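See the structures that follow.
Look at the two complexes coming up: chain A is in both, with chain B in one and chain C in the other.
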Partner chain A sequence: MPEQSNDYRVVVFGAGGVGKSSLVLRFVKGTFRDTYIPTVEDTYRQVISCDKSVCTLQITDTTGSHQFPAMQRLSISKGHAFILVYSITSKQSLEELKPIYQQVLAIKGNVEAIPIMLVGNKSDETLREVETKDGEAQANQWKCAFMETSAKTNHNVTELFQELLNLDKKRNMSLNIDGKRSGKQSRAERLKGKCSVM
Partner chain B sequence: MKRDSSLVRKCINYIETKGISQEGVYRTVGSNIQVQKLLNAFFDPTHPGDVDFHSSEMDVKTITSALKFYLRSLSEPLMTYSLHRDLICAAKSDNLDTRLSEIHSLSYKLPEKNREMVEMLIKHLINVCSHSDENRMTPSNMAVIFGPTLMRAQEETVAAMLDIKFQNIVVEILIENCKKIFSYVPEDSTAAPVPPPRITPRKRQPITISKRPPRVFQALSHDHFHTENGQNDSPIAAAEVSTNPVPLQRSRPLGCAPQLPRDPPPRLALMPRPGSRQDKHSEPNAGRIDDTIQRSDSSAAANGESGVYVSRVPSFQGRKVPPKGTPANREADCDGLTRTRSAGGPICRPPVRPPEPPSRFPASLKIPSAASSEAPSYVASKTKFFENASRHGTSPPASPSSSTSSNGK
Partner chain C sequence: MDDMSPLLEMKPKYTRSHPQSIFVFIFNLVCTYHAPSPPGSEQERLEYAVNSKRRALVITLRWANTHSYLLQEEPAALAFLEELYGSLSNDSRVLRALKDLVPDLEKIIKLHSEEAKATKKKTLLRQFSNGEERLQKKQPIRNQDDILLKVYCSDHTYTTIRVAVAATGREVIAAVADKLCTTEELVLLHLSSAGEKLMLKPNDVSVFSTVSINGRLFACSRGQLSTLTPHPEQEGPTAGSMSTFELMSSKDLAYQMTMYDWELFSCVHEHELLYHTFGRQSFRRTTANLDLFLRRFNQVQLWVVTEVCLCGQLSKRVQLLKKFIKIAAHCREFKNLNSFFAIIMGMSNPAVSRLSQTWEKLPSKFKKFYAEFESMMDPSRNHRSYRLTVTKLEPPIIPFMPLLLKDMTFTHEGNKTFIDNMVNFEKMRIIANTIRQVKHCRSQPFNPDICQPNKNQAEVRGYVRKFCVIDNQRALTQLSYRLEPRRT
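And now, the complex of A and B:
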């Protein structure tokens, strides 16, 4: 199924208020707003290069405040890659990801071929409830990648998406189209060490 | 799960005392495990309701999540399945006043218990939202959370998913207008705020849309009736009255609707209406209708609805003119009506256009197209009307509805 479409669909899951929308908006628009607006569901599109051609990266920002099982199932079955976001200031938000991960597992079957990134957002915050190693341990258990980000300070945001694309071994994808996004590229170099691919 | 207001009350009390200023209250979720524990304990048949909300395990997130989860687990959402589509349609209206008035009247169609609980919840949410500078939960934010909690479609279709944002609008309107909606029964407005006669024809439009026309008609018909009597041939009217007072009144207005503006009837004429049978069960509707009328009235020029009205008005006038210009025609019409009625069928209402289908669908969308399509075919619809009249002449029950819809036109 992934090869059939020219779209590459990334779905962002996570509990309410962990910063899913902030991450996506930071990546898509490069901005951060200190607003507080729950999301129903938003989808953003961006052109990326894929296998020496271009395709559309479609990012679906989901709602975290409640579950629509049908909507969630639909997003998972249509998604190619998943970003599971929690807030490092809330242990609870990491717990919340477990049922979502289980659901991805149930719908996708073999998760190992599917790019999944566990993301601890709000890394700029000082009131930390989830240590980096806790996140890593969880990612280890889920056999997925892990990264800590801050949409507010723009830490690891572009790297997150590039790394997610790199995880897909079936395609060779890059956020850069003909070097146009050189700014983001240079940031990508900073990523080493912040990201560990399990 | 069955409905039990004690859980809701307890949760509300807890939130209002402990969590009202917590950031993201109701948005941030609690531990699923704790939530399930709480609900299981609360609904444990051996000790129902026996939960210590103030134990150390409980926190605001758990309580808010439990309340949301409970409301979402009801076998039917609080705003009910049967009103879901109407509520969504109301929220889709371009006219903010129409949205409010529709939702206002729809909320009085809720079963009593549902409305009480919704009112209790909404009042609580207003209280929470009043602390939004601390908890950041503004009414619109709260609506995103409670839209899917108070409303859901019976089937989880893709279309239903697309309507989610309209659910949120409904809840936002409930929050923003709680005072009006829950303390001001739509029917209260019935008697006093009858719109000026001139506007009446236009106003009918929204009524038809809302598919709850019966009430409106009666009010209007009274006016019409009186007017007509004074102006026109009273013999016919009188005869009809004696045999079939209610239908007559209603039917009269239809044909004469255009005249209303010219001759505003005394307000008092409306008062007798309450006694009639239909009034009794359709009170809320009536209130709502009136409300709608008023609303649209005030805002008619400003918003999208004006377009609708405008298109309608011309058609009305067009219809009106022929009767006036040619008395003979008019007589014929009246005759036709009379005959039909005497035959036993109150259908006599000259439906300017064929009765609207009962569909509750996107009424708002429909209207403009309906109006425009109808306008040219006035003659055709007339013809149809007479056909219908003769066909159904003997079935009185049909008449109220058909006349209603035609009136709405």
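And now, the complex of A and C:
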């Protein structure tokens, strides 16, 4: 299989119903739907700039149920960066990320060089079960970055992807094709106070 | 009467509207079973009753055995069997001559009601992908199962949808449109690695099962049709796998290929041959198991061509030809005629057969073997050579499936189903004959002890189930010309 070398592959993991697809759809298409369709595996493409040339960001949206361990292993081994999503309304969903993180660790070996973002989604919800500091603590332990988002209100969604790309020190990537720092990105800079990058 | 059972259910008038056919069939059986005795002595009346009931029961048992798991898709059939069992339990107290049939019927009912309960939970299948699922033992794909399909878009992203195995093209498109949140009118097509587009009709059933080896399902708007290009991974491998399998013994490879073929062949329901011949749209039934088995034939054939065409060194290519002839010989020994033919047909593909420098270097012993094998493929006198070979073999046999299907297709297309509004039973008998051949081939279970396995069985097993091939004939021919350019 010919490898498409200028693809940067991001894989989104998390328990069922935490909003993985919603985050991706909000980012790629700018839409949000209230109905829930369980995902099996979908991919999306977005053109970004990487080291001053154009490349494709390929986002793989995975299933939240654990029926397909083989597919999970394959996406981890092919992925460059990972987004681990839980819902702030469910402590259980954060728990369910642990075996996934272990799996990434086992397949990738040294995770410190790999961009990983822990994401607490549904930050618009009021019935919170996971405090922001609990999420931060978990990210601290895993030596990864952390952010809270809401796909519904479009809070921190673009920032999440830009931040993830910034974490990759081997490449210089930006969501803007012209490579100039736009207003959006400087907003991401300003938001850095809210998101802790370890 | 006994002989009529497979024919009764094949009356196309009935099968075309399947739900009705089963009711007509059941009604006939119930009438026969409960037929009132004509006036006569008590003895005569009893004898008549026993005879009609036995007749109905014998046909029912044969019918249930032929349908096997398909019965579970017909609630009416299960209800009928249970009702018949009730009547039989009562009657057998008076009519002792019916007693011997009670356990047979009981066994069938028990099997189906238990299985029907167990299979209520839908299974997910990705049999048509290249994933690790291939390593699992094959189970028959049933109409009520769900299948996961990867459908590609024009930008080569894909979405995975989950649909029923018997889903139509229309249902697949609806699921894709829903996933993509689009209101645009989408078309569903099959895109081969060579870029050929085949539009899938909205009423096609089980659209996924005929996807070619490296083909993919695509969905796009009509406007995007002209810009569609195959996904790069459809091209297939760029390097051969000879270094992997030259270390495996030819016998082990043939054995594992035979095990896999046997699994696939066992999953094919005899009715799938009928659906295939008469057109599965009219039955709304899948032929997925048959398609998988046929697909394997193509895969083995392409594996041979791909490996030869990706082997740059002349001496290595000679080794490859020798290896394939040896594997074919072992397949024949294991009575696996499907893979045997696939290998020989792969070697006779123009991209391989034109490599005269390679064939020249092949030892004459191997040339003789190959000539003998190839003569079995001789199509003259309606494949007489092959047919004679098969009749000499004892089951279990894995038959050369494409020929059986060709026979059925010719029978179907050359003979009218109805003559003067009456069923052409002669035609049905000829078709039943072909199905009987399939039945005969697997009337004995496959004996896994025919080969003493070496230590690396798991590795060999994994390898033969995941052949990576190039399925674009033009690409293969180009590679072939690069290996041995045309002589001027």
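The working rule: the second predicted complex is superposed on the first by the 181 of 198 C-alpha atoms of A that agree within 3 Å, B and C clash if a C-alpha of one lies under 4 Å from a C-alpha of the other, contacts with A are read in each partner's own complex, and residues count from 1 in each chain.
Here, contacts are C-beta pairs under 8 Å (C-beta built on N, C-alpha and C of every residue); 3 or more make two chains touch, one makes a residue touch a chain.
None of the values given here were measured: they were computed from a predicted structure.
Trainee: Is the arrangement of chain B and chain C around the shared chain A a clash or a fit after superposition?
Mentor: By the criteria stated at the top, chain C and chain B clash after superposition.
Trainee: Considering only the touch criterion stated at the top, classify A:Gly16 as touching first (chain B), second (chain C), both, or neither.
Mentor: first
Trainee: Between chain B (first) and chain C (second), which, if any, makes contact with A:Ser65: first, second, both or neither?
Mentor: So A:Ser65 only meets chain B here.
Trainee: Looking at the overlay, does A:Ile37 come into contact with chain B only (first), chain C only (second), both, or neither?
Mentor: Both partners.
Trainee: May I ask you to decide whether A:Arg45 touches chain B, chain C, both, or neither, giving the answer as first, second, both or neither?
Mentor: A:Arg45: touches chain C, not chain B.
Trainee: Quick check on the superposed pair: does A:Glu95 touch chain B, chain C, both, or neither? Answer first, second, both or neither.
Mentor: First partner only.
Trainee: Which one hits chain C, of these parts of chain B: 20-28, 164-172 or 326-334?
Mentor: 164-172
Trainee: Could you pull out which residues of chain A sit against chain B in one structure and against chain C in the other?
Mentor: In chain A, positions 37, 39-41, 70-71, 74 sit in both the chain B and chain C interfaces.
Trainee: Could you please specify the touching residues of chain A with respect to chain C in the complex?
Mentor: Per the stated touch rule, the residues are 1-2, 4, 25, 29, 31, 33, 37, 39-45, 58, 67, 70-71, 74.
Trainee: Using the touch rule from the top, collect the residues of chain B that touch chain A in their complex.
Mentor: Counting only chain B, the residues touching chain A are 23-24, 26-32, 61, 68, 72, 136, 140-141, 144-145, 148-149, 156, 158, 161, 164-165, 168.
Trainee: List the residues on chain A that touch chain B in their complex, please.
Mentor: 15-17, 36-41, 63-66, 68-71, 74, 90, 92, 95-96, 99
Trainee: Can you name the residues of chain C that touch chain A in the complex?
Mentor: Residues 124, 131-133, 148, 150, 155-162, 178-179, 181, 232-233, 235, 237-238 of chain C touch chain A in their complex.
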